[in-house]
Amino acid sequence: MSTVSLLSDADLSPAAAKVFADIRATRQTDFVNNFWRALAHDPALLERTWSAAKQVMAPGALDAKTKELIYIGVSAAHGCDYCIASHTASARAKGMTPAEHGELLAVIAMAAQTNRLAQALRVPVDAAFEQP
Amino acid sequence: MSTVSLLSDADLSPAAAKVFADIRATRQTDFVNNFWRALAHDPALLERTWSAAKQVMAPGALDAKTKELIYIGVSAAHGCDYCIASHTASARAKGMTPAEHGELLAVIAMAAQTNRLAQALRVPVDAAFEQP
Amino acid sequence: MSTVSLLSDADLSPAAAKVFADIRATRQTDFVNNFWRALAHDPALLERTWSAAKQVMAPGALDAKTKELIYIGVSAAHGCDYCIASHTASARAKGMTPAEHGELLAVIAMAAQTNRLAQALRVPVDAAFEQP
Amino acid sequence: MSTVSLLSDADLSPAAAKVFADIRATRQTDFVNNFWRALAHDPALLERTWSAAKQVMAPGALDAKTKELIYIGVSAAHGCDYCIASHTASARAKGMTPAEHGELLAVIAMAAQTNRLAQALRVPVDAAFEQP
Amino acid sequence: MSTVSLLSDADLSPAAAKVFADIRATRQTDFVNNFWRALAHDPALLERTWSAAKQVMAPGALDAKTKELIYIGVSAAHGCDYCIASHTASARAKGMTPAEHGELLAVIAMAAQTNRLAQALRVPVDAAFEQP
Amino acid sequence: MSTVSLLSDADLSPAAAKVFADIRATRQTDFVNNFWRALAHDPALLERTWSAAKQVMAPGALDAKTKELIYIGVSAAHGCDYCIASHTASARAKGMTPAEHGELLAVIAMAAQTNRLAQALRVPVDAAFEQP
């Protein structure tokens, strides 16, 4: 159970309702997932988080699917179960294939092991890697 | 300073030297970075790690640059300074532009904040996100 | 399910029972939560952990509610679901308002994103921030 | 060394320069720390991050010093050296005393140990802690 | 629910079935746990992960039980619920006593608190600890 | 540089001096490392941390070297550079051989990768692993 109640549409403040309307319009679906329903208790936090997510996750120099893959990588490293579940669903909706999912998992595993090895070995950064 | 010495080419065991030769052949450069020089004390660990990295980071369903972006995302979430430095250099060598780097950073920041929000709120996973 | 059984009062060793009595006296309630029931298998660890918690979380230079807020921040960053649930309840019992909870969540989100940005950017510490 | 160059005032784009002007006006100092100089390569990310930080860290239901303490707690749990250095300096500038710093450290240590104990023990959340 | 289906024996590709046969032969049991059933969607990842696990977790300079204790320590610090559950069971199967479990938990708690203290204090490494 | 000054022996309060005397007597060396010199600003925190460390890291059901190995595993997963440096030195002083160090690193790498895989896959815990 969440640490705050999940607000139904009927419970929203006008400010939160406005954000929900934008979520629905942007995503072209009536479905609003639990994350936003929990955040809706604090309309300023809801608005800031949604507005940043909308901007950041839209296609730009990187396409939307690639952004989802990076997002899943970060979420796995942070151990966020909710985020892994929701963004794996998003990545699939944006076209992630089973083969791509498998390679994403392999990169996450690879990074996790070399990250902890480099830290346990205290490897100094090579001069060649420093930004000139 | 690292927790083990960084082995020079002259210090390598035959098994480690064989891995270094493959690193050089695969990457088509004489340069072998410190991570492998620290791992070289344990040829089995060196061989297993290099062989997995070579397989995982090669282009497949995902291209090599996308894999580097995911790698950087995981490394940032794990706070691995060495890995961030070395893979940011790799990503650039594979064509990451400043605009792509900026968007990568934005996705990392976005995921970090929503990861910790979802955890602090203990948001339950929506039924819609469960794999059928 | 926990990795050890949760001990009922009837199962406690005399050393563990003594700690439970102090938990009840200090908190002025008969309720002893699962964390202590799991720790009770190792009375030395139980005693050391409770005794530190009692000392650290009591009002001092910082008031008890502020300490709970910091505790929740650390627990969110560690992804500890149990700790988030129990200390959010504690913070509320010590007077945390919905507005304070919202701002706590906003600070956690802010720190999470700038933490990972500063790490991904490898920002060097400014001389001005070094302790003189 | 950072993964991007730290921009001097002369190197800023007009959009980044506008954010720097607001940082200086808000903080009433000419000093702009390295974090913003690294972010300045991506004016949209710079603007979004600064604007959120300005809003979140200002006094509200929680005072500015308490927010810094929470920030340090999260940053310690994320192992962000830059953030610990900069926000410990900020907290002192906002009046954090040595006694408060000591208690902050004690709460961080307490949370870290109980977080990992609760996770290693897989303690189930008590019904009493669930939000009604 | 997992982000991929858990494959039953009947669903396995020939490559995955070969790995399952080796898991069964190595462990001398018919039981194959969920982790491998989820990985089995990607036979290359399954094979690489199992082959590394088999090699790394076998008795060597360190005995198999000690390796499980280290594994649990890392898993607790990463907050991996599945890994804590499965490797606590493994450690018990390899002879971990309740007293050893209690001391393992105490070391995890000790490391967690001093790790975050050393980071929050930014303690510089003593010259005496540097590898000569 | 640390966030507090590192206290020399001449700067210690009587309470801190008493702890330093016990550190020296217990370890049978005059050397007191920086971690304790930073903690010494808060004698209560210093005393509590040292007293717990002394108790926890002493040989018991697990020998002192095994405890150091677990400690290094947790510290690597937390990315604590100071702790990795100091406890790798401690483990060597307690007899850790290069072969044992190599296997420790291999277990850390193994756990790191399977931890993040299990989390990214959201693998449900097998009934067989639940504590009866």
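Going by the order they are written in, the chains are A, B, C, D, E and F; count residues from 1 in each one.
In this text, contacts are C-beta pairs under 8 Å (C-beta built on N, C-alpha and C of every residue); 3 or more make two chains touch, one makes a residue touch a chain.
Since we're looking at a predicted model, the values are computed, not measured.
Any chain touching chain A that also touches chain F appears here: B, C, D, E. Using CA-based centroids throughout, the chain positioned farthest away from chain F is A. With chains reduced to the mean position of their C-alpha atoms, the one farthest from chain D is E.
A count of C-beta contacts for the chain pairs C-F and B-C puts B-C on top. Centre-to-centre, using mean CA coordinates, chain A is 27 Å away from chain C. The multi-chain contact residues of chain C, meaning those touching 2 or more other chains, are 1-4, 44, 48-49, 52, 74, 76-81, 84-85, 88, 102, 104-106, 108-110, 112-117, 119-122, 130-131. By the touch criterion stated above, chain A contacts chain B in their complex at residues 1-4, 6, 31, 33-35, 38-39, 49, 52-53, 56-57, 60-62, 66-67, 69-71, 73-78, 80-83, 85-86, 88-89, 97, 99-100, 102-104, 106-126, 128-131. Of all the residues in chain A, the ones that touch chain E in their complex are 79, 84-85, 88, 98, 101-102, 105-106, 109, 116. Against chain C, in their complex, chain B makes its touches with residues 72, 76-77, 79, 81, 84-85, 104-105, 108-110, 112-117, 119-122. Contacts from chain B toward chain F in the complex involve residues 3-4, 41-42, 44-45, 48-49, 74, 78-80.
Residues 1-5, 44, 48, 52, 55, 130-131 of chain B are the ones touching chain E in the complex.
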